[in-house]
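Shared between the two complexes below is subunit A, which has subunit B as its partner in the first and subunit C in the second.
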Partner chain A sequence: MGIVSRGFGGRRSSRAVNLPPGQYLVEDFPVLSAGPTPLVNLGSWTFTVRSETGEAQEWNWAQFLALPHESITVDLHCVTKWSKLGTAWEGVSLDTLLSDVASSAEFVLVSAYGGYTTNLPLEDLLDGKAWVADRYDGEALSPEHGGPARLLVPHLYLWKSAKWVRDIQLLNNDEPGFWESVGYHNYGDPWREQRYWGD
Partner chain B sequence: MSDTWVDGNGLAGALRELFAVDITTARGTCVGCGTVGPVAGARVYTRAPGVVARCPGCGGVLFRLVRGPDRAWLDLRGVTCLEIQVPDSG
Partner chain C sequence: MARAAVLGRLSWRVADVVDIVEETSTARSLILDVPDWPGHRPGQHVDLRLTAEDGYTAQRSYSISSAPDGGRVELTVQRVEDGEVSPYLVDVVEPGDRFEVRGPVGGYFVWDPDDPAPVLLVAGGSGVVPLMAMIRTRAARGSPAPFRLIYSSRTPGTGVYRQELRVRAESNPGLEVAFAFTRVPSTATDAGRRRVGTDRLRESGWPPDLGPTCFVCGPTGFVESISRLLVDAGHDPARVLTERFGPTGG
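Moving on, here comes the complex of A and B:
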């Protein structure tokens, strides 16, 4: 996991870092969005995990803030080919959020405020690989980057890290999400350059 | 905030590749709310992994277009029955 060397003066340098194939380095943080930015009131915000049998566990904002948070520094790889290294987040591990859920499901469908969805294998959310992040770079996560809280799954292309995350539905059968149903790869591993169907 | 849509005329180039007619003048019906209007009236989000056209009435997704290097995918599930102007054959 890269910590950015500031010694290059912000200039693009791919010789010093190991990027996934086809990616280039950025220093800013591009904002991509498939719709208007939802402005979610913290008073009505909830995050829900729902098992395949319909059993639900819900947190309001105060309850979510009280969960143990971790500091994470990770590299981000967007399918539109930019990569940003050494981004610093704080959030709650999915291991924590899923620890009390009784499930034999293998898949999840993540839904966001505003209607966005993305699908993943459940195992990609476990064992310290995914978080619900509510702070970026030492500050509350801004709405354009997915605040109040977003999913963070840095080992997959960034479209899997749903902004404005609202709930996680565990499923026995995989169900393609917003981009996965229209050409983007179902799994999206940047190191195998899984951008589109069939890659 | 970053509600930076352009109007549906921005779709002309992307769709000309797939359709032989100018689809922006076609009239479609939103699955979500029933609003009927020309494709050019959609709110189009292009700063994304694909192009997303949303209904000006309800904000629902009308269609999504993804352009890969050698393939394109078009999902029209948010639109019912496009009415397309064609040359008079009579």
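Moving on, here comes the complex of A and C:
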């Protein structure tokens, strides 16, 4: 236990919720992005999966909309300490998007419109753990929350869920992304409080 | 882009509150002594942890407002109504109290004092805090980089650092400060008293062809609006760095 802060009582949530260590509950949906929100034209939008050998598979917006969508209700945990529970999304499972890709890669680097990148082990995208989401709370995903489509990997801190997702590159070797290069944890498991390098 | 020198594990350190500056009726600066503080870069923040007697803890992130100065670290905290941590820091904490911090955190929203390029700082409300660290670092380091700050607050009384910013604008060569107020009586004739828009960014900012670095910090809506206006005006999106303060019950 840390040192006691004189006169601090804290405000325990009245809801019986189990949050990852160091997190607190919010009801709103804060926006955190590095840089201006890119405005992505649906007419030129594409999403690409590229294997480590360079083999690419690309969807335009109409093709993406035609893919089978799932409804997902998940908890979100941001490294800046807020957690939001029971958020409702619709999107395409990465199992679907990666199903035709021949690969022995173990890592991915995700890139977004606007230049943002983030890296993950490939297995964290598979088996129903990740989606490319294009609807939030029953409506088209707004630009400030990553629309037209964002990655959603709710079991990791939210910076891994790249807004404005554009492509996924499969890699044999791990390559740190934007925040991972500047002090944030390479994996980012909120339940192990992996916020920063060395956590 | 600046890359951080945050290496190794960030451990929790005990911070002693050595002084407090009341900035406004809802904001104050806490001057901390943090033994073995590894130093920070202007724009970075810390994680702060409070512990209650029964072991309950709460963490939040706060921007550093001071220039690097040994183990002395200044945080400026705006009280969030119905918040859990900020009312304690603004209303309860006294010199001599202690809590824990770890950091510095963040290697993106950071100004490099060795970069001579012009800098535009655009602050909404308490978003001025990390920008103040940049202004203070510039002065402490004697940087010749030309700085312009546009600081939007609801009224003159809700802005922090106003006296210091006025003094610095007079005494720090190459620093210009423009205030904008979003809620003042409609009879006000001062041209500066209006919401920051395209005109104000052009008049008080830098032309895009000078290649300035723009730092925009404030509430989400403010940052969305200003960063879009800057990009529309021709600024390179990669040089418009943003930090958004969500309304999150801090």
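As a working rule, the second predicted complex is superposed on the first by the 185 of 199 C-alpha atoms of A that agree within 3 Å, B and C clash if a C-alpha of one lies under 4 Å from a C-alpha of the other, contacts with A are read in each partner's own complex, and residues count from 1 in each chain.
As a working rule, contacts are C-beta pairs under 8 Å (C-beta built on N, C-alpha and C of every residue); 3 or more make two chains touch, one makes a residue touch a chain.
Everything quoted here is computed from the prediction, not taken from an experiment.
**Student:** Looking at the overlay, what does A:26 touch: subunit B (first), subunit C (second), both, or neither?
**Tutor:** In the superposition, A:26 contacts subunit C only.
**Student:** Considering only touches as defined above, state whether A:159 meets subunit B (first), subunit C (second), both or neither.
**Tutor:** first
**Student:** Of the partners subunit B and subunit C, which touch A:144 in the superposed model: first, second, both, neither?
**Tutor:** A:144: touches subunit B and subunit C.
**Student:** In the superposed arrangement, which partner chain does A:71 touch: subunit B (first), subunit C (second), both, or neither?
**Tutor:** In the superposed model, A:71 contacts neither subunit B nor subunit C.
**Student:** Answer with first, second, both or neither: which of subunit B and subunit C does A:80 touch in the superposed model?
**Tutor:** In the superposition, A:80 touches subunit B and subunit C alike.
**Student:** When both complexes are superposed, which of subunit B and subunit C contacts more residues belonging to subunit A?
**Tutor:** Counting contacted residues of subunit A, the larger count belongs to C.
**Student:** When the two structures are overlaid on chain A, which partner does A:183 contact: first (subunit B), second (subunit C), both, or neither?
**Tutor:** both
**Student:** Applying the document's definition of touch, where does A:53 land relative to subunit B and subunit C: first, second, both, or neither?
**Tutor:** neither
**Student:** Just checking: does A:99 make contact with subunit B only, subunit C only, both, or neither of them? Give me first, second, both or neither.
**Tutor:** neither
**Student:** Show which residues of subunit A both subunit B and subunit C reach, each in its own complex.
**Tutor:** Common interface on subunit A, subunit B vs subunit C: 31-37, 80, 115, 144, 178-179, 181-183, 195-197.
**Student:** How about subunit A: which of its residues touch subunit B in the complex?
**Tutor:** Those in contact with subunit B are residues 31-37, 39, 78-80, 115, 143-144, 159, 178-179, 181-184, 195-197.
**Student:** With touch defined as at the start, can you tell me which subunit C residues reach subunit A in the complex?
**Tutor:** It is residues 3-4, 6-10, 12, 14, 47, 49-53, 55-61, 84, 88, 92, 97-100, 105-109, 220, 224, 227-228, 230-231, 237-238, 240-242, 244, 246-249 of subunit C that touch subunit A.
**Student:** Using the touch definition from the top, list the residues of subunit A that touch subunit C in their complex.
**Tutor:** Residue list for subunit A touching subunit C: 1-12, 22, 24, 26, 28, 30-38, 80-82, 114-115, 144, 178-179, 181-183, 195-199.
**Student:** Over in the complex, which subunit B residues touch subunit A? Could you list them?
**Tutor:** Residue list for subunit B touching subunit A: 1-3, 5, 45, 47-50, 52, 54, 59-61, 64-66, 68, 71-75.
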